[in-house]
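What follows is chain A paired twice: with chain B in the first complex and chain C in the second.
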Partner chain A sequence: MTDLTPRTALGATAARNETIGAYLIEENTELGLASVAIPAETIPPVLFGLTLPKPGHLTLEIDGKFAIWTAPNQWLFATDGDAHQDCAALVKSKIAMAYITEQTDAWVAFKVSSQTSGQINTLLERLVNLPETATDTGKATRTNIHHMSVFVLRPTSTQVTFLGPRTQAGSLWHVLETTLRQQRANSGALS
Partner chain B sequence: MLIPHPLLGLRDAQEFTYLGDATLLNRPDPQSETADAAFHDYVYLRDNPAGVHRELWFHDAGDRSWLVVTRDTTTHEILGAELARDVKLGITA
Partner chain C sequence: MTRLSNGLIDRSSPLTFRFNGTRYQGYAGDTLASALLANGVQLVGRSFKYHRPRGIFSAGSEEPNALVTVGRDAQTEPNTRATMVELYDGLEAYSQNHVGPLSHDIMAINDLAAPFLSAGFYYKTFMWPKTFWEKLYEPMIRRAAGLGALSGLPDPASYDRGFLHPDLLIIGAGAAGLISALTAGRAGAHVVLADEDSRMGGRLLAEDGIIDGIPAIDWVKTTLDELRSLPNVRLMTRTTVFGAYDHGVYGAVERVSDHLAATNGQVRQTFWRFTAKRTILATGATERHIPFANNDRPGIMLAGAIRAYANRWGVSAQRKAHDRIAIFTNNDDGHRTADALSKKGLPVLAVIDARPDAKSLGHYQTFAGSYVSDTRGRKGVNTIEVTRDGQSQWLECGVLGVSGGWNPNVHLASHHRARPIWDNEKLCFLPSGAPVGMSIAGAARGQGTTTQALADGQHAATNALYELGLPVQSHPAPVANDEPSNVAPIWHMPSRKRAWVDFQNDVTVKDIKLSHQENMRAVEHLKRWTTLGMATDQGKTSNVTALAVMAELTSQTIPETGTTIFRPPYTPVSMAVLGGGDTGANFRPSRLTPTHEWAKSLGATFVEAGQWMRAQWYPRAGETHWRQSVDREAQAVRANVGICDVSTLGKIDVQGADAALFLDRIYSNTISTLKVGKTRYGLMLREDGQLYDDGTCACMAEGHYIVTTTTANAGAVFQRMEFARQCLWPELDVTLISTTDAWAQIAVAGPKSRQLLSRVVDEFDLSNTAFPFMSCTELTICNGLRARLFRISFSGELAYELAVPARYGAALMEYLMGKGADLGVTPYGTEALGVLRIEKGHATGNEITGQTTAAMLGLEKMVSTKKDSIGAIMSRRQGLASETRRLVGLVPIDTNDPVVAGSHLFTTTADQNLKNDQGWITSACYSPHINSAIGLAYLENGTDRFGEEIIAANPLEGQSIRLRVTSAHFIDPKGDRLRD
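Right, the complex of A and B next:
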């Protein structure tokens, strides 16, 4: 039997992480994803105890599961630590009236964490062209970063996760890495 | 330029793609007897007003919704934005 070794989106055998200044970037290779769309004018279902969020928001995590609003009547359901599972089948087992598509290997997730919320806000100021209210704690939104379409998730004040297209994993990592290095260099120059 | 997305608030125009005149929502009935003339007008003829204009924008790098944006072509002032779906269904003006 062929002995295959799974590779991450960045081409390695293990998830990448790097500390730059006060920030830690971590690749999350264990995030299972499925998109959920419901017919217009139907009531959003409760999924694994999650009330599907309103525009621009994400839910709190329950047992590693959370949901992100992506479009009218459409959400991205995520289950952390379960990338090897069939995420779409998991969701389908709970909702009948919905259009569900597996999204697990379509996206890469890079989590940036820091000591203070101010540090995350400073990073977002450089990365996204959005008002601060759009990336407050509990918010999740899609926008452009260096011409890439990326979801910006802010589950807690000291953490932000970027969901980018898997095919652009290297470019997205590069953006985060170079921005943080530049930020570190600037703060060194100022102090 | 900022577009006031009805669900997500002010968003940079860079997140959007412009399609054109919002009259594109009013597609003629292909079964009607005057379909040829109606489709000629629908496909080729546009008003080009100096002033208030209703136009379709796609939130490409956002929630992927189509908006009807009302814009003043002489000042580039954005006067409002609605979901194109709501406009088509007659939910808003």
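Right, the complex of A and C next:
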């Protein structure tokens, strides 16, 4: 156990969570990440029981582990609760013919959940310039939010996770928080 | 009061508002314009140039006259069209562009000076004396221009943005738009129906026609009810689609809370971007007027607008109930207004129809073959002169409606530079060459009767569904009463007096004639010479009429005269909503280093470096000037040990069987010979042979490298390497991953850095033998934390860069500070970093500017001739190979003198001109070790001129400073310290 105490991407010692209107936004500081790339024309391996997904998709979660497609022959492997681990080493122990890069602290993960899929869709249309088909359940797409490059992951209909650059965590939180507050104001006005 | 008993207003919701401080009452559903008219207010503003009294002219977004300022203080919104302002309780509006009260504008004196304010007077009048321009003319013109005034206060409203990707975007919810939406909605298409109005129905709201046997307004309600029941259809009112862009992208602004007295935290407006597979433009048509003498008085309005106010808002445009209403027209639609008004019991004086064979359509008088030749009425029309066969008579009249036909709203169809085509039968421009994926329906393409619009809208939707591959359900098109226009080509009534064509810009028929006389005959020249068609209405009610007048003058046809280019936005869009809502520090994203909060806790001063916020220096108690902090930090590094967050440098993980070959092609020097555990300084060239970036490349394992880049070029270098990987050499087995954010990287620099690090690493031999200069390794620190250590130096001292997962960066800083307290460990910022590297003669972006070569840095041998790499061949071309400027150091001869970066260098006796330019100073700082200012510079044959005195000229400051040329390495030129 190291002598050093980790800080979150937002510079605190604990993850930030907030309920805003119908939405709950949570910073997930425990998401271990590693990039997995294979040489061209190699058969994608099965990793921790996960069949690596095709473009625009993410896998179903198995034991807190899932993967998203990031580029041809390249995926981002995620393992929830393992951010303290050397994720690259973890993956390397399972695949020989692959190029693995530690990515845990390259990204910040903000999960937004709500009661209905409609609320998540309404939020997404304010945030990302993507058709609904690109953000359906089971989809993962890289896009821009407020000039930041972000992965949008839709594991379930009532949940969306934004993976953004860790160094822009403050700006990404600001955008999400502002948009959620505006959604709250809009729904308040409508009700 | 001139309120009628009908209309689509909610009389159970009375609203109070103020105009120019006077309290009035209206109803929910009113616009500011309809409420003002209902209160008998005709005079609402002053014209731009002549300050003529002006009233409400139209009932829609085409309004040229009734521009008002809404709100107060920071909420002030100038130049708002009263016809588009929805009434709310407590609304405050003010007239614009007058000095003194609206009714007694002092600036109305301009009207007397009209002969001197003709077309192009700006260009003719302010030519001399030249010195008057900046101090007198320009401020004067600027004060006069612009109509309303901004508050100058920050906008307190919030804005947001949104994105929709419909199968079918329908712009305009009139008859054509509604039937299109219904057809496509029933077929299951994802439809967005957007309309700028607060209520859908378009022109149908203003008419009293019949559709499928029921009143048109009921048909609208039934249709909207069905559309609302369809989950695949989205109805967006108050949403103006303002621009058509490439690839089916349309910009739109939704006015979310502009119509509310209290926003309750809602955004004011939303900026939407629609990406549509198909689009139907159903924007209808705008009525045009017919210029005649003194046609700009309040009370003179578009005839269709008078009908709209009467039918939709239950308002007569009269000031007093007994004021008579006349209509001047060249088509049957003018008669329909008279008919509608007479059926409501309003006193219709007559329809003055320029067509000799015109007949009444109802119970009112028609003066066929007649025209309005002049008007009177100081603050509003009270008498009109009607002329027939040269005989004139003056008739009392309080409202005059004018109808010159209808112009299809072709704007969005023409945003891709397509020119509309003149239809000689319909006497209007029809859209042509619309953007890919767009079709036009209804009055927007000349199918202007309700029956035509309904059939055309359904047809357009059916075609779109076919193209989208969606099933089409067959429904008969609704049937309505047909209302042909029978418009005659009568464009203006000749007069020696002024007849206004463009009300907003005070452009008259005379101005167009003058423009013609002065050879400004091309339509684009006409526009700029007269200012016709500019400002908020962009000539919606004037352009076609102006073209017709110019065509008459040039004896050309209207199509030969042509149109000006249509450009977005269709109606004014605020900069705030285009900005998307974020201002100030949040206007763009910022990047924070892993130690940002830690640095903040020490009181660090931060500087923007691109998106990054970097600690610039760390002031201590008693330090009153930044130089004291920076000198102390730089001295601490040279004497003891300093720590600095250098995480901002780009870090790229390069892996693959061909990684070494790939890097050989990227870097100008050889990387493939680099051994595992070693780091090498590398140069990258641009394709043209100029220096692009520099950094280090560390070999962590066989086929695994870590490339570092400069902070500024991190993204660009990664992008360039990806381009090379994917496009230039896809056959290479190599993978690139940016790890800039993943690792916190801390520079530990100074003679005591090894000592400090030895207290941090877990059982790792840091001796010079075991871990010499330019080594690298993976290791653990602080009881098992995975880390990477590089022995590299930017300061010129014994130094290391230690990388840990970003989440541990701040804790590592604290740990180093604690462990190194007895060694004098000092955090240092980017200023001290700059001092240290200038003292050492190391290059950064100041030296690698995109216009410099490796040879200029003395690094020509790093461009290998034994292999090819990007830019290598081009770097040997004559133009670059003959470059003789070299990097040198400079010190002032008088040590009190400054060294100013950017200064140009001259020999002591030469004239200071471009011809004698010897080079320039790239970087400068105060060196606490040299005890004077120092600088780096590119100087002609610089390395042969050490010891020479030279002049640094700074013409901007009037400085001429004597400097001595030295080596660029002020500190430890042999490099012993960093290898120690």
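Throughout what follows, the second predicted complex is superposed on the first by the 187 of 191 C-alpha atoms of A that agree within 3 Å, B and C clash if a C-alpha of one lies under 4 Å from a C-alpha of the other, contacts with A are read in each partner's own complex, and residues count from 1 in each chain.
Everything below uses one rule, namely that a residue touches a chain if its C-beta (ideal position, glycine included) is under 8 Å from a C-beta of that chain, and two chains touch if they have at least 3 such contacts.
These numbers come from a predicted model, not from an experiment.
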{"item": "Chain C versus chain B, contacts on chain A by residue", "value": "C"}
{"item": "Contacts of A:P131 with chain B and chain C, given as first, second, both or neither", "value": "both"}
{"item": "Contacts of A:G56 with chain B and chain C, given as first, second, both or neither", "value": "first"}
{"item": "Which superposed partner A:M1 touches (first chain B, second chain C, both, neither)", "value": "second"}
{"item": "Which superposed partner A:M97 touches (first chain B, second chain C, both, neither)", "value": "neither"}
{"item": "First (chain B), second (chain C), both or neither touched by A:I43", "value": "neither"}
{"item": "Which superposed partner A:N144 touches (first chain B, second chain C, both, neither)", "value": "first"}
{"item": "Partner chain(s) touched by A:R181 [first = chain B, second = chain C, both, neither]", "value": "second"}
{"item": "Chain B and chain C contact sites that coincide on chain A, given as residue numbers", "value": "40, 129-131"}
{"item": "Residue ranges of chain A touching chain C (in the complex, touch as defined)", "value": "1-9, 11, 29, 35, 37, 39-40, 74, 83, 86, 99, 101-107, 125-126, 128-132, 146-148, 165-172, 174-175, 178-179, 181-182, 184-186, 188-189"}
{"item": "Chain A-facing residues of chain C, complex", "value": "158, 160-165, 256-257, 263-267, 273, 275, 580-582, 586, 588-594, 596-597, 611-612, 647, 653, 655-657, 730, 733, 735, 737-743, 781-786, 804-812, 815"}
{"item": "Chain B residues touching chain A - in the complex, by the definition given at the top", "value": "7-12, 14-15, 60-65, 83, 85"}
{"item": "Contact set on chain A toward chain B in their complex", "value": "40, 55-56, 69-72, 129-131, 133-134, 141-144, 149"}
